[in-house]
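Here's a structure for you.
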Amino acid sequence: MKFQIPIGPQHPALKEPISLRMTVEGEVIRDADIRLGYNHRGLEKLAEEKSFLQNIYLTERICGICSHSHATCFVQGVERLMELAPPKRGMYIRYLVSELERVHSHLLWLGVAGHEAGFDSFFMYTWRDREIVMDLLEMISGNRVHYAINTIGGVRRDLDEGQKAKILEGVAALRTRTEYYFHIGANEPSFVARIAGVGRLTKEQAEALCAVGPTARASGITRDVRKDDPYAVYDEMDFEVGTADSCDVLGRVVVRVKELLESYKIIEQIVRKLPEGPIVVRAPRKAKPGEVVSRYEAPRGENMHYIKSNGSEKPERLKVRAPTLANYPATVEMLRNGFIADIPLIFAAIDPCICCAERTVTLVNVRSGEETTVRLSDLRRRAAGRHPNAIPKRIAAWPL
Amino acid sequence: MSDVEISQRLQKDLGTKALEVTNPDRRRIFLKVAPDDLVAAVTLLRDKYDCRYLATISGVDKGDMFEILYHFASPAANINVRTEVTKDSPHIESICTVIPGAIFYERELQDMFGLVVDHIPDPRPLVLPDDWPAGNFPLRKDWKYQRPEERIPGGKS
Amino acid sequence: MAALRTLVYLLVYPGLLFLFFYSTFCEWFDRKVYARLQNRMGPTHTGRFGLLQPIADFVKLMAKEDVVPEAADKRLFNVLPLFGLAIVSTAGLLLPLWNFDLAAPSMTSFSGDIIVILYLLSLPTLILFLAAWSSTNLFSTIGGSRVLTMLFGYEVPLFLAVLSPAILADSWRLAEIAAFYQKKPLLILPNLLGFGIAVIAVQAKLERTPFDIPHAETEIVGGTFTEYSGKKLALFRLMMDIELVVSSALLATVFLGGFPGGVLIGFVQFIVKTLFVIFFLTLLRALTSRIRIDQVVRFAWRYLAPMAVLQLLIAILLKGFLP
Amino acid sequence: MRIAAFLPELLRHLFKKTATVDYPFKKLEVPKDFRGTPFLHPDRCIVCRACERDCPAEAIEITAVNEAEKRFRMVIHNDRCIHCAQCVDSCPTTPKAMDMDSLFELADFDRHNLKKEWIYVRAVVKPKPAAPKPDAAPEAAPKA
């Protein structure tokens, strides 16, 4: 018996709204379909109405986990357009925050993977230790999530000696913890049984479907913008690209742990080599007409911003490609012929960060399989009809 | 392979099909082709230049033209294929036969710019809602979103 | 007087009221230990050390809106939580809990009560399956089919594991089994393997991690309970809590020698021994991740069932050597 | 593979101090330079409107109450504020007129309570040689 189950837009395994339609046969998934748009905020249009400086904060809010990635990618591009050369110390601090963010993102992911597999103790412990890096980030930038440390031409905050010592101390503590979690993740039989051999994506498929980031690297593709196209400080750093060729969720765990260990290495190098000097240069408000493609290796894969300027203080066009979008075609492929129980793990394994408009609700009539689309206003009316005696709330008119 | 070598090889391989090859920045190569030569150029890039990875497709509204950029990345350089179609007949050929991973970007182009991607395997809307009024394409320059006045419930002032 | 005694027996002790309070305490204990194992605080503020938190949760759920899906089989859907609660409470009455004297245990003690209690403890699984099926939700349906699939995995090992001490004690009566092991405490040792198997099987019966597959929230939302809300969900949760108490008390009786020693010491023994079993259940929950349904069945038949048979063999052989 | 690989770690923490904090009753300290809520020192503001122009969230609004008396009204819409502290960076005065405090518990039942308002007389720029011009680019002085 084949039937369709809707995973999302509201589902406990998804922390953000996206709709996955699974055609299942018993416990086995036969086909999967992805529908986006539940979270589309029209950001690219909005960016055309804001100045370059304001857009830093806008791009930072594309994502909550890799906020620094998008802002850095944008700032890199704008600096190219304005022909600025940011000072060394500023660059070092900027990419120090980048690597700390990668650490925080990957630790978060490890916890989420544990939670999706029902391994809540693993989730609690990884997230406890993630607080170390969150505190470091808060100390450096003044905020836990949106660091807002980038500005055009450098960074906004400097590091002092005490902070440097604290970073080194925190990284040393995190390294031992990460090694321990790897030991648990690779040895706990019930966890390994859930992730090994699940969500297979061969190297050929990954290449054809343009997968990025840890998803691609776990399929044996050595693709890392930090190595392929070394931007800013990365050609001065000694690190390796972590890959695995098991092509499954276990491989993605291994890749992320390897990346964590490499990130610790980079952080230590940055802090030890931190040059003296200014942290920022003065930037003009306007950029010359031109275009630039800015690439950046975010924790989830490659970020790409295409910025076109027209000589004014606002960009003509800002195209943002977040890594998760690139991984969706691969996800559909991974889900096929898997078990229902593997949906959350496979989907979480690409570390989805769903940044995409919420105006309608789609109701699927299970019996007939037909879909009806209901506007939000209709839904509200239906709800009011169901509860005629409900106490009316104060009239709220939100700009919809 | 350095940027200059790649540019020269592109000029030679594509001949007259390459309308313009520029190299504005380190590892950034912009190649312009006519819309009819797009699939041929993409196939060549994939087979000979190790550009199996399509990063994204961006569209730009340039008044009476649409500019479409295909951002490819190889380990050596970032090659961006640029092509232009007129607003009157915004037709572009799908490259999904060459690069299957392009499907989401092409669907996004259709949604946001109202381009028609011919022979696209899956033409459903991707990001816009199902009841989005037809003929509205948000990223066109003539499409303006009028922000309604903000009204805060509670009413003081 | 006899009628009053029966009424007290049914409603106050060890009937509904005692089971309600003790099962909420056990839930608190489970949550607190689980939290401390994970370096968290657990319930803290409702009552001293958060002791009243499960009761507060229960009251909160009772006050919530109760939604019955239109497509559901309404009569079945409404009545199942009560049935489930009644069944596990009845099972609770069969435990040797009246005056903690194993010679004259309780009003309902009879030869063969271990079979009845095992039977009553497998009924909630059926209730859960019917609840899932009657709500007609897709996720519930999947959850329901998982409930039954899992039942075939753990039920046989549980029965074999629990029955082998009974065979060794040569009795089908809970109080007599307990009294036998009180007299010969060393004989508890050969049954330790059975105890391990029974703890794992009870974990599966109670649908707790790693066997929380039928209501795995990240996969199939709430599974069996997806459409349940308000009072019915509260009753279901209470049912699961009471089932936790009853099954851990059953294991304590059969494997750990029961609760003799009169009212005071017996009661303390009851508390300590059930909490001891629950601690193992909690530890197992904290230690593992959820496994897949096919892995459960494979694990049960490849490892649990043969080991349970081995346990049975040990019991039978030992019995041959004993005087 | 090891059965119960996590066991020692779990048991070790059974009687240890918890990592979590009993939040509304006990609070953690925020670091020194924490970006909380923006506020105005009305005696220092020269009404250059740099903060209003650069605010990415349009959360700052400056209007003239009385042009002749040079009285101005500034509203900070904390319900829109994204706490990026760009207003502090953009502020050209020394010491800065815009400042951040370290409050983070801003939730309220009414959005109107989140708006903060100051009515003040424009400060006069002291004729100090080092004083930056009011229209200086905001990036020039990040973190004095």
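Observations on the structure shown:
So that you can tell them apart, the chains are marked A, B, C and D in the order they are listed, and the count of residues begins at 1 in each.
Going forward, contacts are C-beta pairs under 8 Å (C-beta built on N, C-alpha and C of every residue); 3 or more make two chains touch, one makes a residue touch a chain.
As the structure is a computational prediction, the values presented were derived from the model and not from experiment.
When chain pairs are compared by their number of contacting C-beta pairs, A-B comes first. Set against the C-alpha centre of subunit C, every other chain centre is closer than that of B.
A separation of 54 Å divides the Cα centre of subunit C from that of subunit D.
Centre-to-centre separation between subunit A and subunit B, using Cα means, comes to 23 Å.
Our note on geometry: subunit B versus subunit D, Cα centroid distance of 40 Å, whole angstroms.
Our note on geometry: subunit A versus subunit D, Cα centroid distance of 26 Å, whole angstroms.
Multi-chain contact residues of subunit A (touching two or more other chains) are listed as 121-122, 125, 128, 188. Counting partner chains per residue, subunit C has residues 37-40, 286-287 touching two or more of them. Residue positions of subunit B touching 2 or more other chains, listed in rising order: 153-154. Within the complex, the subunit A residues that touch subunit B are 35-37, 40, 42, 44-45, 80, 207-212, 223, 228-229, 290-293, 295, 302, 304, 306, 308, 316-317, 319, 321, 325-326, 328-330, 356-357, 359-360, 362, 373, 375, 394-399. Contact residues of subunit A toward subunit C in the complex are 3, 5, 11-13, 27, 114-122, 124-125, 128, 188, 190-191, 193-194, 339-344, 366-367. Residues 24-25, 27-28, 30, 52-56, 58-61, 69, 71, 73, 75, 78, 80, 99-105, 112, 125-132, 138-139, 143, 145, 147-151, 153-154 of subunit B are the ones that touch subunit A when the two sit in their complex. Note for the complex: subunit A touches subunit D at residues 50-51, 53-58, 60-61, 121-122, 125, 128, 131, 135, 138-139, 142-143, 146, 148, 151-154, 156-158, 180, 183-184, 187-189, 192, 279-280, 282-285. Across the complex, subunit C is touched by residues 4, 6-7, 10-11, 13-16, 18-20, 22 of subunit D.
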